[in-house]
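Below is a structure I'd like to ask you about.
Per-chain numbering from 1; labels A, B, C, D and E assigned in written order.
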Amino acid sequence: MSIYSYIALIPLAPLAGFVILGLFGRKYFNKSAGIIGTCILGLSAFLSLATAFQYFFVDGKKDGIFHQLIPLKYSWLQFSPNISIDMGAVLDPLSVMMLVVVSFVSLMVHIFSLGYMKGEDRFATYYAFLSLFTFSMLGLVLSINIFQIYMFWELVGVSSFLLIGYYYEKPAAVAAAKKAFIVTRFADLGFLIGILILSFHAETLDFQTLISRLTDPQSSQYLSITTASFFGITMLTWGLVLVFIGGAGKSAMFPLHIWLPDAMEGPTPVSALIHAATMVVAGVFLVARLFPVFVFDHAALFVVTYIGAFSALLAAVIACAQTDIKRVLAYSTMSQIGYMMFALGVSGKGGEDGLGYMASMFHLFTHAFFKSLLFLGAGAVIHLVHSNDMKDMGGLRKYMPITHITFLIACLAIAGIPPFAGFFSKEEILLATFHANKLVFCIALFTSGLTAFYMFRLYFSIFWKKEALLHGEHHNEGTLSMKIPLLILGSCALLAGFVPISSLVTSDGAELETHINILFSLTPVLFGIAGILLALNLYKTENDKPQKIANVMGGFYKAAYKKFYIDEIYLFLTQKIIFNLIGKPAAWFDKNIVDGIINKMAGGTAIISEQIKGIQSGKVQAYALYFFLGIIGLSALFIYILN
Amino acid sequence: MILNDFFILMKQELMLLLIIFILLILKVGKDRSNESLLHLINALLFLNLISGFIMPAEGMLFGNMFKTNALITLEKNILNIGVLLISMQSYSWLKNHKHLSEFYILMLSTLLGMFYMISSGNLLMFYLGLELSTIPLSAMANFDLEKRASSEAAMKLIISSAFSSGLLLFGISLVYGITGSLNFTEITPYLTAGPLQIFAFVLLIAGFSFKISVAPFHFWTADVYEGSPVAVTSYLSVISKGAVLFVFVSVLYTLFKPLAELWYNILFLLSVLTILIGNLFAIRQNNFKRFLAFSSIAQVGFILIGISGSSQMGTASVIYFVLIYIFSNLGAFGVVSLVSALTGNENISDYKGFYKTNPMLSWVLTIALFSLAGVPPTAGFFGKFFLLIAGAAQGNYILITIAALNMVVSFYYYLRIVRSIFMDSNEQPMVKLYIPWMPKLALFICLAGIVVIGLWGTIYEYIFSLSTGF
Amino acid sequence: MNGIPLTHILFVSTALFFIGMYGFFTRRNMITILMSVELILNSVNINFVAFNKYLYPENLDGVFFTIFIITIAAAEAAVAIAIIINLYRSHHSVDVEEAGELKY
Amino acid sequence: MNLNLLLLIPMLTAIAILFCKGLKQVRMTALLGSALQFILAFFLLYNFYEERTAGNISQMLFEFNYSWFAPLNINYHIGVDGISVAMILLTAFVVIAGVLVSWTMDSLSKEFFFLLIFLSMGAYGFFISLDLFTLFFFLEVAVIPKFLLIGIWGSGPKEYSAMKLALMLMGGSALVFVGLSGIYFNTNIGGLHSFDLVQISKFRIPMDAQLLFFPFAFVGFGIFTALFPFHTWVPDGHSSAPTAASMFLAGISMKLGGYGCLRVATYLMPDAAHAYSGIIILLSTIAIIYGALATMMQKDLKYINAYSSISHCGFVLLGIGMLTQTSITGAVMQMVSHGLMTALFFAAIGMIYSRTHTRMVAQLGGLMKVMPFISAVFIIAGLCSLGLPGFSGFVAEMTIFMGSWQNPDPMYRLATILACASIVVTAVYILRAAGSAVMGPITDSHFSELTDARWNEKLVAVILIGGIVVIGVLPFYLKDLITPGTQEILLQTGQALMTK
Amino acid sequence: MNSGTILFYIISAFILGTGALAVTTGKIFRAAIWLLFCLMGIAALYFWMQVEFIAAVQIIIYVGGIVVLIIFSIFLTQKSGEEMLKPVLKRSLFSLFAVCFGFAFTFLLIYQYGFHSGSIPFQPGVAAIGTQMLSTTEHGYILPFEVISILLLAAMIGCIVIAMKNKQTEE
C-alpha cells in the first residue's frame, strides 16, 4: 500500500520537532519554539485527516468491510525466525480514528499553549515534550506489533512524566510525576508478562497473526494457550487479564487510578491533552485492539466490565465532593473511561452484538473533544484566577464569555443532553449495556445522573454563584490563541455526535445499523436533567445547602472528599510494607550479613595470626624442640600410614 | 686426560677459589680504599659470571663425588647472577665496613660450598658442601659487629644449624647403615619404604627443609633475617635457599625416586603447612626484613607444590621460579638495603608516604612486590602459574585450591605495603635518597629481569629443555 | 671377634644422641648447648664407625665420614664460640633466654 | 587487520605518558591514545563486517597464534568473533570517556592516566585472547591498576575499598585458575593438554571433570560480575573510586566476568552449564531482586548506581543461565548496554560531585536550574537504566526476558517474572534519586552559582549517549553482530533449547 | 661372657653416665670436665673397636682441641664454679619426655631393622687411610679434603673477624 507511505510522516514529524526543539530550542529559538512545534503538528494533523478521508471514503472498504492495511513494516529486532519486533503502521478504522483524535486534539493544545505558556523560560522544552508525547501516542495507535505498542506505551508514560514534572521546582509536581510513572510502570509489568504469555503461545508478536491464531479454535496455538493453565485459569485468560491490567494502569481504572488526580499538577493544556483525550484512553484502545481475542474469553471480558463499571461509579461519587476544578475533571475523565471499558466488556463481536464496541469507540471519540474542551476552559479560568479552587471562583461569566459558552456546551455534552455529542455516544453505550447486563446498566444510569450533577456543580460554581471579586488588573480571557481552540472544540462538542462512527468503526469492520430509540433514551436524559436541576438548585446562588447536605452525608461525604482513602492505603503499602519490611532488611542484610561475613573472614585471619604468634617465641631451644617434634611426628605418621 | 677435564668441569669452583685467593692476597697487601676494592670485586664477580657460560661441559670426577652437566652449570650461573646483584646492592652498606674483603671471602666460600653441594654425587660431599655453605654464613650474619640483634641472629643461626646438621648426620649415618654406601647411584637401589628407611629419609628431608625454611623447621628464619645485615639476609633468602632447592629437587627426583609416593605426601603436608604459617605470620609483621622472611617462607611453600609435581615440568618450574624469585626478591631487598643503609629505617611504617619523596625506589619496590605476589605482567605471575600447574599435574586439586586461595592472603600483605608506600599520609616522610650508580644499576637489572624473564617464553623453554624428567 | 651385637653399640650411640639432644633442649648456657651438640656429633661418629666395622668392612667410607665430621665439628665449635663471645660483649650474658629479642 | 594493534596502541600510549611533563601533555597524550583506540575499534568493526560479507564464516577472525611457552603448549593466541568485537567497542567507548571525564585530574596525573590506559590494555587483551592462559593473564593484569586507582585517587574509605576489591577479585581469579588448570589437564588434543579455547571447544571435556570445574570457573568469573553473594566489593569499590575508575569498574571490568562466564565456563563446559543452570538462575534472580531492593535504601548516588549495577549484572547471568539463544544474545547486549549506561551514570554523578562536593541525595536538589545539561544527562542515564525504549537498556532487558520465557520450566518462568518485576523497583529508585537530586527546589544556596558542564564533559555525554541511543534505536546491528557468536555457544551447549 | 664384652659394657656405661652428667650438672666447669671424660670414653670405644686412627684423631682434636677451646670460652664468659641458671622446668620436663619418646622410637626402629653383621675382618691400617685420603679415584677423598681445608680457612677468618675486639667499642 505504498500510497499510504506518507503516514510515516505523521509520527515522525513530531519526533523531528522533539529532536530539534529538545537539542537546540532552548538556546537558539526559545521564543519561536511554539510556532515551530505547532506548524509541525499542523502538518501531521493534516496528514492524518487526509489519511482518514482516504481510508474511510476512498479505498478502505472492500465489499462492505473495512480491511486492515499495513502500509509500513520493518523488522526491527528479530529474536528468532518467527518472533520478531517489527516497526510499522497499521490502518484500520480504530487506528485511523485514533490518529484523527490524537493529532487534532494535540494540535488544539499546541495552539492553546501558545498563549497559555507564554513567557515560560523553558518554553521550547515544553514544546519539545509535547512533540515527544504526540510522537509516541501516534506511534502507539499505529502499532502493528504488540511489542511496538509496548515500546510506545512506555514512551508515552515517560513523556507524561516529563510533562507532569514540567514545573520541576514544585515538589508536588515532582511527586505527582513520579507517582504517575511508577503506578503506570507497575501496570506495565502486567502488560509485559501478558505479552510474554501471549507471544509464547501464539508464537508471534504480530497483531494480525496473533489475533488470527488465537481466534481460530483449530489452530495449535489456540489449543496450547487454552489447555495450558495456571491455578486453574487458562493462559489465555491470564494473558488477556494481565494485558488489561496494563491498560487499566494507563486508563486510570480502579485500583490503579490514584495517579490521575495528582497528575493535574502539570500545566493545564497538558492535562487536556494527556489526561483527557489521548493517553488515558490508551487502555481502551489496547483492549479494543485485542478485542477479537477478548471476545473469545468471557472471564477476561467479565473483569473488564466490572472494573470499568465500578471505576465509573467510584469516580463519579468522588468527583461530587472535590473542590479543585481540575481534580473534578480528572475524576470525570476516569468515570467516562469506565463507561468505555464496560461498554467494551459487554460487547460481542459482529452485528448487533458489536454495538458495545462501536459505542465505546464513539464515546471515546466524542469524549476526546468535550473533555479536552473542558480542560482548556478550566485552563483559561485558572489562567485568569490563578487558582484551582472553586472557592476562589464564581461569576466569571461576564469576564470570559467565550469560555463560558464553550464550557457550558461541554458540560451539556458530557451530561448527555441531546443534541450534544455526549448524548449519542452515551445513549449507544447504555443501549448496549441494557441488552447485555442489567446491573451494569443501572450503575451506568445512576452514574450519568451523578455526572450531570457534578459537572454542573462545577459549571455553576465557576461562572455563577457569588459575584467575582477580581482584583483590578487584567480582565481579558487570554489571547486569541487561547480562544480559537476553545471555539473549534466547542463546535466539535456540538457536532461530533453526528459523525457516523457506527458505519465506520465497528467490531467487525462492517457497517452497523443504529437507530435512536426515543423511549429508551428518555431515561438517561431525564437522569441528566435531574442532576442538572439539583446542581442548579444547590450552586446557582451562594447558600448553605451544600454544607447541610454534606453534614447529613457526614462520614460518607468525608470519605468521598478524601477519595475513599485509597491514596493513604497505597502510601501505607509502599512506605511501611515495601520500604520498611523489605527494602530496609535487604539493605541491612547486605551490609551486615553478606558483607559482614566477608569482613569477619578477614578479621578472623588477623586474629588467628595474632593468636599463634606465640610459637615464634624467639627461644632457639623451643625452635629446636619443634624441629624435633616435627621429625618424630612426620616419621611416625608415615610409618603408620605406609605400614 | 684427567687434568684437562678437571679444569673444564670444575671451572666455576676454580674461578671462585681464584677470586678468594686474590682477595686474601689483597688483604695481606697494602690496604686500599673500600670503593676501589668494591669495584674490583664486582668486576671479578662479573668475570666469574661470564666464565660460567663459556665451555659448558658434562661429566663427573673423583668417583661421582663431583658431577656437572648443563643443568647444574645453569643453576650455578643463576646463583652467580644473584651474588653479583647482592654485592652491587650492598655497595652502600659495605662502603664503610671495616671487614670488606673478609665479608667477600666468607660469602664466596659459602657460594663455593653451594656449588659443591649442587654437583655432589655423594652424601659426604653433599654434607661438606652444606656445612661449608652454613658455617661461614653464620659468621657473616654477625657482621654488624656492634648490633645486638646481629650477634643474636648469628647465634641462633649457628646453634640451630648445628642442631639440624646433627639430625641430618644421624639420618645419613642410618642411610649408610642401610645401604652401605654414600654414593647416590649405589644408594638408590637399596631404598625401600621400610620404617627405618622412612625415618632416615625424614631426617634428611628435615635437613633440607631447615635450609629452605619449610614449616615446622623454619623458626630460625624470621629471627635470623631480621637480625642480620640486609646483604646477608638477602643472601640467605635468595642464594642459599635457591642452592638447596636445586639440590633438593635433584635429590628427590633421582636419589629418592623409589620413595616417590612417600615424599609426595610429605611435600603435600609440608607445603600446605608452610604456606599457611608463612601467610599467617607475614600478615602481622612491621619489620620489613622479618616480613620478607615470612613471605619467602610462603613462597617456598609454593615451590614445594611445584616440586611435588614430580615431572620434568616440576624441575623446570622450580628452577624458573628460583630465577624469577632471585630478581624479584633482590629488587625488594635492594630497596630495603639502600633505605636501611642510608637512613637506618627497617620498618614498614617508615615507608608511609615513601612515594612522595622517592618515586623511583617506590616503583621498583612495588613492582618487585607485585612480582613476589604473582601479579601479571611481572615474571612472578608466570613463575607461580607454572609451579601450580606443575603441581596440578598430579591431579591433587585440593592442594591447588588451598594454594590459590592462599595467594589471595599473600596479596593482602603485599598490597598492604604498596598501600603504605602510595596511599598512607605521613607528616615527615623519608628524605630524598641519593643512590650511587652501582645499586641503581643493580635495581634496574632486577626490574629488567622481572619484566623480561616472564614475558620472554624462550627462557622457560631453555630451562625446560635442560631439566631432567622424573 | 667378640660377640657384641651391632645393636648394642647402636643403643649406646642412640642413647648418647638423645642425651645430647636433652642437653640441647634444656641447657640455658650457650656453651653447654654447644657441648650437647658435640655429644650429638659423637654419637653419629660411633654410628658410622660401627656400621663400617660391622656391616661394610670392604671400604672405609664410614671412617672417613667420621674424620670429616670431627673436623667440621671443630670448625663449627670455633665459629660458634667466636659468635658467643661477641654476643657476650653486647649482652653481657651467655644465657639463651636473654638473647630472645627477635621474636613474633 | 592485526589485532596486536589493540594491545600495542595502549602500551605505546602508556609509555609515552611516562615521558610526558605536566598535566597538559599527559592528558593530551592520553586523549590521543584513547582516540586512536576508538578509531581502531571502529576500524575493526568495519573489517569484521567486510570479512563476514566476503563470506568468511570461520568462527574467529583475524587470528594470530604465536607459541609462547611451547613445553606447556601455551600460546599467545588471539582472535575475535562478534561478541569480542562488541566488547572491544564498549571498551573503546568507556576508555575515551574515562580519559575525558578526568580531564582536570591534577594530582599525580601522569600515574593516573598511565594506570587508566594500562587497564584498558588489560581489557582489550582479555577480550581478544583465545588462549586460556593469555585470557587469565589479562584478567589479572586488569585487577591491580584498579587497586591503585581507587586507593590513591579515591574518596571516602578508599584504602579499605581498594583492598577489598583487589582481594575479592583476586580470590575470583584464584578460583578461575583452578578451573582453568582443571580444563587444561582434562583436555587431550593430539596427546597434549591445551589451553586453546577453540580446540577445547571442539574437544568435549569429560562430564565429571566438567561438573567439578564448572563451579570454579563460573563462580570465579562471577565474582567479577557481582554474582550473589560475592558482590560486596561492588558498592564499596565503585563508591570510593574516582569517577573514571568507577566507569572502568562498572563499565568494563564487571563485563570481564560476564564474558568469562560465557566464553570459558559455559562455552567449554556446556553439559555442566546445563546441570548447574538452576543454581545460576537462582543466584542471579536473587541478585536482581535483592540488588534492586537494596538500592532503594541507598542515600549516596554512587551507592545507588553500584547496587543497581549488581541488579543489572544479575540480568547478564540470568541470560546466560537460561541457555537459550535469545537469552544469551540478550545477556551480551545487556553487557554492552550496561557498560555504556553505567559509565554515563557515573560520569554524571562525578560531574555533580565535582561541583557540589556531595553525593548525598538528601543534600542535593534543584540542580536542573543551575546545571541543566548535567541534569539532563543524569536523567537520561536514569531513564536508560530503568529500561526506557529508545535506549539500549530496554532492548537488552527485553531480549533477555523474551529469551528466558522460552525456557518452559515453571521455576524458570517464575525467575523471569521476578526479573521483570525488578524493572518496577528500578523505576522507583531511579525516580527517587532523580526526583530529589536533580528536580525539586534548590536545597543549598551555594549551588546557585555553580557552572554547567565544560566541553570535555559534554563530549563524554555525547559519546556515551550516542552509543546508548544507537543501540536503542537500531538494535539489529548489535544483534546481528553478536548472534553468530551466541549461536556457536548455544550449539556447544548441545540440546537445542532454542526459541521455536 | 669374655673380657671384651665386659669391657664394652663398662665403656658404654661410662660414656652414657658421663654424657648424662655433662648435660645435667649445675656447675659449668664440671660439665666441661664430664664432657671431656665422655669424649675419652668414646675414644676408648674406638680403641675397643680397633679403629685406632679414629681414636687418635678423637683424642687429638676433641680432647686436645675442642674441649680446650670450650674451657677457654668458659673462662672468658664465666666466673668459674658459679652455679648456672636452672633450666626452665616446664620445658625440661617436656623435653625429657620428648627425648625419651624419641629414643624409644628410634631404637625400636633400629632394633626391628636388625642389622646383621657380616663376617669379613675389618683392619683399617693408617697407611690405607692415608692413601685413600689423597687418591683421586673411586673411594678417594682428595676432594673432600680440599673442601674441608677451605672450610677451615673460612671458619678461621670468620672467627678472627668476629671475636677480634674492635677499637671503636673499647673507647
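Please note the rule applied: contacts are C-beta pairs under 8 Å (C-beta built on N, C-alpha and C of every residue); 3 or more make two chains touch, one makes a residue touch a chain.
This one's a predicted model, so the numbers in the text were calculated from it and none came from an experiment.
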| item | value |
| --- | --- |
| Chain C to chain D, fewest steps along touching chains | 2 |
| B-C or B-D - the one linked by more C-beta pairs in contact | B-C |
| Chain at maximum distance from chain D, centres defined as averaged CA atoms | E |
| Chain centroid nearest the full-protein CA centroid | D |
| Chain A-chain D separation of Cα centroids, rounded to whole Å | 36 |
| Inter-centroid spacing, chain E versus chain B (mean Cα positions, whole Å) | 31 |
| Approximate Å spacing (C-alpha centroids) for the pair chain A, chain B | 77 |
| Geometric centre distance via CA averages, chain C-chain A, whole Å | 97 |
| For chain C, residues contacting two or more additional chains | 17, 20-21, 24-26, 33-34, 51-52, 55-56, 61, 64, 68, 72, 75-76, 79, 82-84, 86, 89, 97, 99-104 |
| Touching two or more other chains - residues of chain A | 602, 613, 616, 618, 620-622, 624-625, 628-629, 635, 639 |
| Two or more partner chains touched - positions in chain D | 167 |
| All chain pairs that touch each other | A-B, A-C, A-D, A-E, B-C, B-D, B-E, C-E |
| In the complex, chain A residues that touch chain E | 621-622, 625, 628-629, 632, 635-636, 639 |
| Residue ranges of chain E in contact with chain B within the complex | 106, 109-110, 112-113, 115, 136-144, 147-148, 150-151, 153-155, 157-162, 166, 168-169 |
| Contact footprint of chain E on chain B as seen in their complex | 2, 17, 20, 61-63, 65-66, 98-99, 102, 105-106, 109-110, 112-113, 116, 124-125, 128-129, 131-132, 135-136, 139-140, 142-143, 145-146, 154, 174, 177-178, 194-196, 199 |
| Chain B - residues contacting chain A, complex | 155-156, 159-160, 163-164, 167, 193-195, 198-199, 202-203, 205-206, 210, 216-217, 219-220, 222-223, 261-262, 265-266, 269, 280-281, 283-284, 409, 412 |
| Complex interface listing, chain C residues touching chain E | 2-12, 14-23, 25-29, 31-32, 34-36, 38-39, 42, 45-46, 49-61, 63-64, 66-68, 70-79, 81-86, 88-89, 94-95, 97 |
